[in-house]
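Scrolling down, you'll hit the structures one after another.
Common to both upcoming complexes is subunit A, partnered first by subunit B, then by subunit C.
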Partner chain A sequence: MAAVATCGSGAGSTGSAVATASKSNVTSFQRRGPRASGTNDSGPRLVSIAGTRPSVRNGQLLVSTGLPALDQLLGGGLAIGTVLLIEEDKYNIYSPLLFKCFLAEGIVSGHTLLVASAKEDPANILQELPAPLLDDNSKKEFDEDVYNHKTPESNIKMKIAWRYQLLPKMEIGPVSSRFGHYYDASKRIPQELIEASNWHGFFLPEKISSTLKVEPCSLTPGYIKLLQFIQNIIYEEGFDGSNPQKKQRNVLRIGIQNLGSPLWGDDICCAENGSNSHSLTKFLYVLRGLLRTSLSACIITMPTHLIQNKAIIARVTNLSDIVIGLESFIGSERETNPLYKDYHGLIHIRQIPRLNNLICDESDVKDLAFKLKRKLFTIEVDFIS
Partner chain B sequence: MFVELNNLLNTTPDRAEQGKLTLLCDAKTDGSFLVHHFLSFYLKANCKVCFVALFQSFSHYNIVGQKLGVNLTVARERGQLVFLEGLKSAVDVFFQTQEEPHPLQFLREANAGNLKPLFEFVREALKPVDGGEARWTYPVLLVDDLSVLLSLGVGAVAVLDFIHYCRATVCWELKGNMVILVHDSGDVEDEENNILLNGVSHQSHLILRAEGLATGFCRDVHGQLRILWRRPSQPTAQRDQSLTYQYKIQDKSVSFFAKGMSPAVL
Partner chain C sequence: MLDSLLSLGGLVLLRDSVEWEGRSLLKALVKKSALCGEQVHILGCEVSEEEFREGFDSDINNRLVYHDFFRDPLNWSKTEEALPGGPLGALRAICKRTDPGPVTIALDSLSWLLLHLPCTTLCQALHAVSHQDSCPGDSSPVGKVSVLGLLHEELHGPGPVGALSSLAQTEVTLGGTKGQASAHILCRRPRQRPTDQTQWFSILPDFSLDLQEGPSVESQPCSDPHIPPVDPTTHLTFNLHLSKKEREARDSLILPFQFSSEK
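After this line comes the complex of A and B, so read on.
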């Protein structure tokens, strides 16, 4: 397939692609604030951030979703500044796995995480992340980095590379510099990786108990609190370019679980014409506005099969950038269908955005099935149907 | 702008009609290429353009515009383009209280009343500058897209009122043009969207409808475009003229061909 071939060649050249892209392409999203509009520079400099790479098509910055197969289907990865919406499968078995792979990829790449949930404490979510399958070379790098950080005699090792002695010592950087890793769903992520990472949690029952005066607008209080929290983190940690003193740019990965479920205080899953039927769509719009003006990417899982009003699903789809639907075979007639015996469900790529372009990276194949092998979550073309 | 589409519509930037409302509608596909076409068309026609861009960021339209031969940054600096970036303004309105009324003021209100501040913004942007020679030919209002306003809590009737006011000012008083994009939800019963779509198509002079193919996804034919010329104010002595073409979007242009005559098939 042509689409797979181009993405495959893109995956091979990471370092050199960043360097060439910085000279030839204009950055797609205006990440800097109005003060640093780049008029003094020779052009916008694409700083190479760990765990990102520019898109083959238009130089846009991409991050991995945590599943290399999904990255290929999306045209290389998830673009920074966009929202990935996952329509949950009926019993919510496989969508948490995609959610956790996204977060685990953030930890392995050294990105900052923001985890929001109304059901589980974010600290518990992070404990359950799958372990990355690092090959032996990068595992050795990780061990060596830990070793260097602890011993004061790291000057000895620097003698060969004398230029690097002048650079300031960095903290433990990303564990691996690859783009996209495979995860072992049966093992938990090592504790030291979680502790070394920078993460923020938003657990709705904790935040909503405080009786702050909130201006009445038609958003549910949970959504208002979450938006303020996200905006606060983006502003404080300088993801929107408002803090030019920050030397190292980093990416913020936002994960929101079960958005739209009754636990968030929204009634679109309970009633067809509820009182706050615009709450969710307004939230998505303001969230996308926040993302477009900062170095962040967001994943949202939503139980769309519970939403009573189908028009809201259509509006939510229009307001999101990438929409993926998971359909598991559990409990359906397809479970016993011999054609589908190797697979656990179907994956539908419902929408792919056209960003900075007239065309988009639609893959030619529309019949995709997934299966959760003993360790890995794989997506394959379903040749049978 | 796409030269082939100009040929199909029988217009060029030099001799475009004035006082017209064009409706862009997409069903089961993405019709944003039409918005890019009209934006570059009217900028090349030396019109004063007010672009209410609710759907994507400024840099998105700028980068695609450069592929089509217009520079939005330069146009904005010269005063030819007034750009309302919905996403950025929504963040400003939502998190900070504004002193003077903001065009997207309805985001802060519990019951989104009306779009009066937005209309004031448009009128202010397109009003002719007194004194000095007229630099621009005629004003144009471009909206991408109107269905977003429904998602943000504004009622369909309020949006239709806004369109009515804009049409009275831009098309009739200032002899300019309007181009509006509305999504067609198709078989999903979105009543408000249907009210909006029917209301605007009743008032429009030209309807461009981009549809996905009925047979599903195809790599070589991205969709079908239906062009409908209407005369809303005159009694229908003549029948409305309608044409259908299929299209394929490429990197910098769109190619149109008759149904079934895709180059990939022949």
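After this line comes the complex of A and C, so read on.
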């Protein structure tokens, strides 16, 4: 009202706007330039979290899963706020490797980790993470392994990588800003990287006393404790924006190992119609709610080959965002099949999410096989079948 | 490899069936570990103590620590020597022992425990017992713990058996042919490929283990995995082969784009 009164005799609306602009020296066109961190508007600040990048397709913020080949199959990476479910292989040899690559990627990018397990102490899990490959030389030879086509494009890739050799070697400090790293499965992550990182562990036998009564149709006590733990960490460290963060915004990577196994107190692997068969599905529902409202991404490994009721597997698949199944050839007749002699198993991508989209980012290739070489876990297109 | 089962530690699952019983193998392994000087605890739930101790000589019997849950499993007689907490309480009490040294715990049988306790509780207790030596920084270093569990696989569905075998470090499935017993041993080491092996054996009357070669090869008639390859060109509705006359006609055919004297 005051503004109208002071320039009421002005020429028109533009005149009054100019008048008010000259009065307060503020224009309505504000430059969204790089600001100091800690401000609360959206936009370019999202890109400033290390280890994340926006998706080129729908603008979702993505984090790397730790395996660049898997990132490519999932359409760029794992979106923040989603759950990656890995169906374990029968002898649980290869799924821990994917789990550990995800956590190692979090350490190398400087994200906060939350590791939950009922089987192993999270401190031991972190000791066994694979070491990142920092040398550009070795990145070149692994580039030609990952893209296993016999086309001239692989030669072009080699040439591009040769040019990188002329650049000074990239020294990775405590935090690397690159998206997606290669890991050497035969070496352990250096101890100083673990100590420099911020991680929280949840080991079920320590947190729970064994004589709790469970009322029917509710969550298993182990799951309740885990959800409370995750919620506390998200709230205290401000991943959901509740506490204004003084330092840079960061991403929380949650890793839950062997969810649904009897060691978590859940009997879906033991009985077909257990007493609390909805416990796991409720857990996933609540977990997804926690993730969607915070800057976090979660990886879960689940022994689905042990789950007796197939309807539960279908529900679990619907409640997760990305579902990947690992099928190793050990013990099956495919091990001696000469067609599969180069590979250790098959990867089935069972579900990819449609986030803010009508279609999902499905890759055209459906026959994917993986192999664990001396150092590296590679996923290749199975050209044979 | 059957005689080095206990050296790996962890849970060793003995899966037997009605035809190939496993209690004699269990007793043989118990005797072997007792002779090696380890502490041996037996949780006897399925057979009486006299029946279990039968066949062992006296020095082995003196080394065995027997926890009897057969005579009075629910502790109705309320005597002082009853162990609190049932079989799981006894397991945890063995874990909390303070003297170092390797320990072998024989569970006779896991089937009995599965029928009386929820499967998840049993799995958690077994995991806590068999992984006790890997927890660091906790008072005195405790020796390796081996848990031998006898499981009658015909009594249970695939669920509990699958859950227990995913927990087990070693799984021994008893079978055999024509009077000779075999043990199929599947060894899961963490982060390595599982190895499996079949070992033929027999148990002598004094419960020592006698490893044998398998039965002779020619007495296995129907284990031939090679099916004779089927010729796919038989029984076709169309003809794949050419007769001689047809072949000559084909060879003498003039192709349309070839310039010859007739055109």
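Odds and ends about this structure:
Keep this in mind: the second predicted complex is superposed on the first by the 290 of 385 C-alpha atoms of A that agree within 3 Å, B and C clash if a C-alpha of one lies under 4 Å from a C-alpha of the other, contacts with A are read in each partner's own complex, and residues count from 1 in each chain.
Definition applied: a residue touches a chain if its C-beta (ideal position, glycine included) is under 8 Å from a C-beta of that chain, and two chains touch if they have at least 3 such contacts.
The structure displayed is predicted, hence computed values, not measured ones.
Under the clash rule set out above, the superposition-derived model of subunit A with subunit B and subunit C shows the two partners fitting side by side. When the two complexes are overlaid on their common chain A, residue A:N318 makes contact with subunit B while staying clear of subunit C. In the superposed model, A:K187 makes contact with neither subunit B nor subunit C. Once the two complexes are overlaid on the shared chain, A:R354 sits against subunit B while remaining clear of subunit C. By the document's definition of touching, of the two partners only subunit B reaches A:Q231; subunit C does not. After superposition on the shared chain, subunit A has more residues touched by B, the comparison being subunit B against subunit C. In the superposition on chain A, A:K310 makes contact with subunit B only, while subunit C stays out of contact range. Residue contacts after overlaying the shared chain place A:L290 against subunit B, while subunit C stays out of touching range. By the touch criterion defined above, A:S261 lies against subunit C but remains apart from subunit B after alignment on the C-alpha atoms of chain A.
Judged by the touch definition given at the top, the superposed model places A:S218 against subunit B, while subunit C stays out of reach.
Of all Cα pairs linking subunit B with subunit C in the superposition, the shortest spans 18 Å. Annotation: subunit A has no residue touching subunit B in one complex and subunit C in the other. Interface residues of subunit A facing subunit C in the complex, by the touch rule stated above, are 91-93, 96, 118-119, 121, 124, 128, 205, 210, 261-263, 265-267, 269-272, 303, 305-306, 308, 330-331. For subunit B in complex with subunit A, the residues that touch the partner chain are 30, 32-33, 36, 56-60, 63-64, 67, 86-88, 90-91, 94-95, 107-112, 147-148, 150-153, 183, 185, 188-193, 217, 219, 249-252, 254. By the touch criterion given at the top, residues 26, 28-30, 58, 215-218, 227-228, 231, 278, 281-282, 285-286, 288-290, 292-293, 310-311, 313-315, 318-319, 354-360, 362, 364, 366 of subunit A touch subunit B in their complex. By the touch criterion given at the top, residues 118-121, 123-124, 127-128, 134-135, 157-160, 162-163, 166-167, 188, 191-194, 196 of subunit C touch subunit A in their complex.
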